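Read from first to last, the chains carry the letters A, B and C; within each, the first residue is number 1.
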């Protein structure tokens, strides 16, 4: 069962007097992966932030399950997990505290899965270590652990927006993450991501921002 | 969208920068002409023909500058906040631009009201500045204007800046009655029997009529200045639109 | 709805607790500014007693003001702010939790420290409870209104002075009623009307400010 998840119509965005994209339209059905490609500065991050409802300086329409983002953000935010460039963890909190905060403010995540998520990203020994004492890669893993906290039952209707998710993690971590994305997509989840890496996932739709 | 159709058609038309530009082209000469005529008549009437005040003599004539600028400073703030709200609710670019165009005009009016108040204060109270309730409220209003202008100029992205200043001016709008009430109250507490600038015993009609002319003249002047600033802003923001390019090449 | 509120509040308080050294800064500022007045004006007891209500209130206001700059800064920089805004729970409650946490970590300690400084400024002892009470009622308003300005400027690099420009005009009513209540108390006059008005301003700001804070934060992460 594939439903129309995202519908983008005539999207226009400019930054600092430079047009990033115009007349951009595409659709995304649930259970698919969309990889956004483009040179540095082509507007990949801006597009992803628009899809999340974080960047408001656009014209055009973004619809999530038929709800226009400009009027109804809640519908999207119930289903969204966004991994951006920023660390998105508090330095003065432990890994567990950070993740339980996430589970509280983003109820689609399950607090019972925190431990298994930490195991999945290889940080089970670091659960109660303050993030300021971790390496950059480890902090990144704490942030990525959120992707392992989404219960399987919530996969359908949910959307992951991942901006360069593979940066700052080692080869093993990349493989694990890729595996997780694959599992998620096969069970009905949808992903929009940017990456410079070639994905091993076969059914990837491409969106090129360069032309 | 369903909720938008309740608004009249001209509202949408005005929302288009091109239409707004053309529309103000027609309006501008009328308002400019009215402003010049009313201000000339008003000033001549006020300075030459209105009777002297029995207490203050000729010095009271500064009221003809002070009162209109004070009234305008307040109503421009209101205009700005309402436009800001429209800009936020209906995402209307023109409203943002009007709000932006309002701020410096309003600030200059508040400043003029303070200056004329000070000049009037010298012969009336014997000092250039008195912590009178109205003057203090006006000073705070000027601070609010400064805050809005500072915020706008601090932000590089002008769409966001418009949004930020709209929020701030709405917060200010909610606060203005509170500020005014508290300053009035503070003033009655600290000053006994002051001579208030405008709460005068009923003004005779010969004094009152030129004041009315001046107030209407000031409003026309504000409309003119606003349109001039707005049209500039439209051209700058829409510089890549076809009609602007055409207009510029014609000139 | 409350779940996110408590989660945000708990997180902010836990963060403040982990960096408890920073909690002292506004308090030290408060003490130092108050110290400047006897040095700059006059140490005479009767003179200072007259000045005390205003000096204490202005100094507390400035101390609360200075701590606003950092209210959303680190959350903005590390990206947790945008994650808060991506919550499907209401941003209104999140904004309220943040402002409340700010008050609990700055306004409340300031109010509790005030009696000590009142003593140093020879404020008559019968006015001290009123001073604490007005600060308890007034400083949350300062936090809620100030959080709006902090949210508006969090994305800019020149926050500090700009926040003061935006906020000081809005703080004037609180200052007027707070300081004059203390003044009245020194003269043995009734203060219940002042307290009622401070309470009304508090309720108004707690109810309305979170809307503006949330809208400003959404605007700020949009840059």
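Note that a contact is a pair of C-beta atoms (placed from the backbone, for glycine too) under 8 Å apart; a residue touches a chain by one contact, two chains touch by 3 or more.
Treat the numbers as computed from the prediction; the structure is a model and nothing was measured.
For chain A, the chain whose average C-alpha position is most distant is B. Of all chains present, the one whose mean CA position sits nearest the global mean of protein CA atoms is C.
Centre-to-centre separation between chain A and chain B, using Cα means, comes to 47 Å. Per-chain CA centroids place chain B at a distance of 32 Å from chain C. Chain A and chain C have Cα centroids separated by 37 Å. Residue positions of chain C touching 2 or more other chains, listed in rising order: 219, 222. For chain B, residues touching at least two other chains, in rising order: 157, 160, 163.
The residues of chain A that reach two or more other chains are 56-57, listed in rising order. Per the touch definition, chain A reaches chain B in the complex via residues 16, 56-57, 70-71. Per the touch definition, chain A reaches chain C in the complex via residues 52-57, 74, 77-78, 80, 82, 84-93, 97, 101-102, 104-108, 130. In the complex of the two chains, the chain B residues touching chain C come out as 88, 140, 143-144, 146-147, 150-151, 154-155, 157, 160, 163-164, 167-168, 170-172, 174-175, 178-179, 181-183, 185-186, 189. Put simply, chain C touches chain A in their complex at residues 3-4, 6-8, 11, 14-15, 18-19, 77-80, 82-89, 94, 218-219, 221-222.
Only residues 145, 148-149, 152-153, 156, 158, 162, 165-166, 168-170, 172-173, 176-177, 180, 197, 201, 204, 208, 212, 215-216, 219-220, 222-223 of chain C touch chain B when the two sit together in their complex.
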